[in-house]
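The chains carry the letters A, B and C, assigned in the order they are written, with residues numbered from 1 in each.
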Amino acid sequence: MVGTPETALDNPKVGGVADARFFTRSGPFSGEELAEAAGGEFIPPREGAEAGRRYIGIGPLQSASPAEVSFLDNRRYASLLDGTHAGMIIVAPAFAKRVPPTSATIVSSTPYLAWSRVARMFHPAPPARPGLHATAVIGEGAVVPSSCEVGPFAVIGNGVKVGEGSIIGSHTVIGDGVTIGRDCRIGPQVVVSHATLGDRVTLFPGVRIGQDGFGFAVGPAGFESVPQLGHVVLEHDVEVGANSTIDRGSVQDTVIGAGSRLDNLVQIGHNTRLGKCCIVVSQAGISGSTELGDFVTVAAQAGLIGHIKIGTKARIGAQCGVMSDVEAGADVIGSPAMPFREFFRNVATLRKLSKKPGSGEE
Amino acid sequence: MVGTPETALDNPKVGGVADARFFTRSGPFSGEELAEAAGGEFIPPREGAEAGRRYIGIGPLQSASPAEVSFLDNRRYASLLDGTHAGMIIVAPAFAKRVPPTSATIVSSTPYLAWSRVARMFHPAPPARPGLHATAVIGEGAVVPSSCEVGPFAVIGNGVKVGEGSIIGSHTVIGDGVTIGRDCRIGPQVVVSHATLGDRVTLFPGVRIGQDGFGFAVGPAGFESVPQLGHVVLEHDVEVGANSTIDRGSVQDTVIGAGSRLDNLVQIGHNTRLGKCCIVVSQAGISGSTELGDFVTVAAQAGLIGHIKIGTKARIGAQCGVMSDVEAGADVIGSPAMPFREFFRNVATLRKLSKKPGSGEE
Amino acid sequence: MVGTPETALDNPKVGGVADARFFTRSGPFSGEELAEAAGGEFIPPREGAEAGRRYIGIGPLQSASPAEVSFLDNRRYASLLDGTHAGMIIVAPAFAKRVPPTSATIVSSTPYLAWSRVARMFHPAPPARPGLHATAVIGEGAVVPSSCEVGPFAVIGNGVKVGEGSIIGSHTVIGDGVTIGRDCRIGPQVVVSHATLGDRVTLFPGVRIGQDGFGFAVGPAGFESVPQLGHVVLEHDVEVGANSTIDRGSVQDTVIGAGSRLDNLVQIGHNTRLGKCCIVVSQAGISGSTELGDFVTVAAQAGLIGHIKIGTKARIGAQCGVMSDVEAGADVIGSPAMPFREFFRNVATLRKLSKKPGSGEE
C-alpha cells in the first residue's frame, strides 16, 4: 500500500474550471491590469463601484462568480449574458451594451484572443523543472542543457541536440541525430526520429514523427520497400496533436511550416510540405508530396490526395475529398471537392428532385 | 541468449479460439449450468442422451466440437446451423427448430448476451495481480492500494488517487492529481492527465486522455494557445479503445457518460459531453462543445461539428457528416447528414438521372 | 548538463536526402554495378565519357549532382528532366530519349522498383545490434536469441518466443504467449498481445495489436463485454504503419495475409481477414468479420462495413463507404460505394442539374 485509500469521486469539491489539482494560479488582478494584458478597453460596471475590485480567476458565463472573469466569443451563446453573475466579461463591441450593469467589461475586437491572455495571466503554463530523471537513457554525444527537463524512462539517442529549456516527457524516444530547438514541449510517449525541430515546438502524447513513409514497389516476389531517405522538419512554433503521425520524406523532406497547428490523429504523408500557420483539424490526412501554401485550413476528416498544390488561405471543409489543385483563397467541400456554394446547391437540387411527385412533400 | 530458440509458426497446434497461450479456462459445465448463467431456456438434444454431458469450451459453428458450445446471432450465418457439430447452440426462438437434432439448445431472446455470459464462464477475465513493479515511479502523496497491479515503468504522478483492485499497465503515465476509481483496467502505454475516472473504467493501449484541446486565437505574430482549464470526467464503466484521444475542456469539462463505449482511434474534442451508454465506433470524431444525449450511437468514421446537440437514442450512420442538431431517436446518414430514407432515395434518384437515355441501361 | 549546448538549426549543412545524421552510406558504385542491381539496361551518356565514373549517392532530379543517381517515375514530373544535373537517371523506356545527353541512363520497365534497389544499395537498412538492453524486462520461459536486439524498457512477457535477428524497440510490450518470427522489426512503443507474427514483419511506432475487439451485448444494467477469445495472425512480410490498431478476433482469428502493407492510423476490426499483398492506406478502417481476397487495395479514409466480402484485386477508392460485397477486380468509390464510372457520371449529372437555368452558367 502506498498512501491512504479513497474511493474515486469521493470529493465533491474538485472539478470545475482550473481545478487546483491540475492548474497553477496567480493573481488576484485589478480590472485595469487585466484589460492591459488583454489589449482591450476597460469599462467599469454601470452599477456599483469598481474601485478596489480584484479578480481571482475565470469561469464560463453560466457559473462565473462576481470575483471571476468570463467572455463571450460565439454569438450562439449571447443569451447567456442575461443571467450571468461574472464580475467582468470580455466581449466584442457589438455586445458591450448587453453586459449586465453590475459587471465590468473588457471590449476587444478580438475577444477570444483577449480572453486567452487573461486566462494565461491567471493560470500561467508551468515552466520546465530542470533535470534529467535518473532512469533516462542518454546516448553518446547527445547535448542536453541543464535547463532542460527529461522525464522518467526517456531515451535520447546518440548525437541528439536539445536546445535550452526544452521538456522531454516520460518514455519519449528521440532517435539518433535528431535536433530539437529551445523551449520545446515534447509530451510523454512521443517518438521522434530523422527530424529537425525548431524552437517552441509542442508535441502531444503519442505523436510519431519521422518513421518511414508508405513507399514500396511491386517486385517479383511481392512488395519491396523503397528506402525513405529524407527527414522531417518542424519549423518554429509548430504544434502536433495527440497520436498524430508525420512520415519522413523519401527523397525530399517533409516540412511543417512555422506556427502551423495540427490536431489529434492527423496523418501527414512523406514529402508533404505545409506553409506557415496552416491548421489541420482532427483525423484529416494529407497524402505524400502534396504542398500547402501559408494559412491553409484543412477541416476535420478531410483527405487530400498526393502530388497536388493547395493555394494560400484556401479552406478545405470537413470530410472533403480533394483530388486536384485548389486555388489560393478558395473554399471547397464535398468529395470530390467543389466550391462551398456549388456543394450546397447540389444538396438542394438533389433533395428537390427526390421528392415524390404528388406526395404532398414540398 | 534467453531460453531455447524456435522458429515462429513451428507449432501447428496453437491458434484457434481461446488459445491456452493467451486465455484462462474453467469448467467443464453441464448444459443446465450454462443455461442458467446465460439466462436462457435449456432444451436437450432431440436425438441422443443429454444426461451427464459436460461442455468444455466454446467455438464457432464451423469448427465447434460436440463438447463445445456455439451460437447464432446474425441471420446472415443461419445456414451454418446445417453443418455444425457443436454440442450445444445458443439461438433466438426463431431458429430453435433449425438446431441439429444431436445438439442441445439454449433459447434466448438475447442470444448474443447469453453467449457472452457463457463464454465468460469458460474464460473468466484474469484478475489483477496485486503489486507495484519495482521499476514503477510513484509520486509524492499518491495513493495506490495494495490490491492494485502497477506494471513495469509506469509513472504515477503526485497526488494521484487510485481505487482498490485497479490495474495500471506498463509504461502508463498518470498525471499529477488524477483520480481513478475501483477495478479500473488501464492498459499499457496510456497517458491520462487532468482527469477523474469512475469505477470499472477500461482504457486500451495508447489512449490519450486530458491533453490540451485544440484551441488558439489569432494574434499579431501567429496563433496563441488558449489555456485549456477544464478537465476530463470518465464516468463509471466507460471503455475507450486503442489510440483514441479525449481532450480536456477549455472552461467546462469534457464528460463521457456512464457505460459509454468508444472504439479505437476515436477523437473527442474539448468540452464535449456524452450521455449514458453512448456508442462511438472506430475513427469517428466529435468536435468541441457538442452534446450527446443518452444511448446515442455514432457509427464508424462519422464526424460531428462542434457546438451542436444530438438527442437521446439518435443514430448517426457511418461516415456521416453532422453539421446541425439531430433530434432524439432520429436516424441520419450522409454528409451533410439527413434521414436514412432521404439519403437512400437521393442515391436512387441520382442513379436514375445519370442513366444514359436510350443506352439500354435500366 | 550533458555535452555542449547548441541551438537548433545552427548547422546549415545538415538536411537534404540521406542526411548522414540518420542514414548509413556505402559505395561508390559504377553505372554497370547499379544497373545490375536495378535489373535495368545501362546506357552511357550520349555526350562525355562514362568510363571510370563512380556514383556516390542519390538525389531528386531538382538537386542531384553529376555524381548522384536520380529517377523519374511519375509522368507529372517529366519536365524536371530538362534541367537536371543528375549523373545518372532511372527511367521507363518512353522517357529514355528525354534524359539529358550528359547523363547516363538506366532503362527499366519498372523504374520505381529499380530506383528502390539502387537507393537500398547506397543506403542499406541498418542491421540489428544484437543484445538485450539492461533495463529490458524478460518474462519467465521467454525465448529471445542472442542475435536479437531488445531496446531499453522493453517488456517481454512470459512464454514469448522471438525468432533470430528480430528487433524489439524501446518501451515495446510483447504480451504473454506471443510468438514472433525471424528478422522482424518491431518499433518503439508498440503493444502486441494475443498474436502470432511471421517472419520479416515490420511494426512502426505506436502500433496496437491484439487488444479486445469492440464487442458487447446489451444487458439489463448496460453493456456487457463479450469475451474476445481469438487472436491475431500477421503472416510473413506484413508491415503495419504508425499508430494503427488491429483487434483480436472474438471466436475466429484476425488475419493479415502475407506481404500486406498497412499505412498509419488504420483500423482493423475483430475477425477480419485480409488476403495476400493487400494495401490499406492511411486512416482507412475495416470492420469486423469482413474478408478481403488477395491484392485488394483500400485507399485512404475508406470504410468497410462488417461481414462483407471483397474480391481479389478489387480497388476501394479514397473515402469510399462500402456497405456490401465487392466483386473481384472491381473499382469502386463513393459513399455508398459504386463503380468509378458511375460515381463520376453522378457527379457530372448533379453539377449539370444544379446550374441555374438562364443564369448564363453552362
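Following the convention adopted for this analysis, contacts are C-beta pairs under 8 Å (C-beta built on N, C-alpha and C of every residue); 3 or more make two chains touch, one makes a residue touch a chain.
Worth saying up front: this structure is predicted, and the values here are computed from it rather than measured.
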Do the two copies subunit A and subunit C share over half of their interface residue numbers, or under half; same or different? different
Could you work out the angle of the rotation that brings the CA atoms of subunit A onto the matching CA atoms of subunit B, rounded to the nearest 5 degrees? 120
Distance in whole angstrom between the CA centres of subunit A and subunit C is 28
Out of subunit C, which residues touch more than one other chain, so two or more? 135, 153, 171, 189, 206, 243, 265, 283, 301, 319, 335, 350, 353
Touch list for subunit B against partner subunit C, complex: 1-9, 14-19, 21-23, 58-60, 74, 76, 110, 112-113, 115-117, 119-120, 123, 125, 135, 151-153, 169-171, 187-189, 204-206, 237, 239, 241-243, 258-259, 261, 263-265, 276-277, 281-283, 300-301, 318-319, 335, 347, 350-351, 353-354
In their shared complex, at which residues does subunit B touch subunit A? 132, 135, 137-138, 141-146, 153, 155, 159, 161, 163-164, 171, 173, 175-182, 189, 191, 193-194, 196-199, 206, 208, 211-212, 214, 216-219, 222-227, 229-231, 233, 243, 245, 247, 249, 251-253, 265, 267, 269, 283, 285, 287, 301, 303, 305, 307, 319, 321, 323, 335-336, 338, 342, 345-346, 348-350, 353
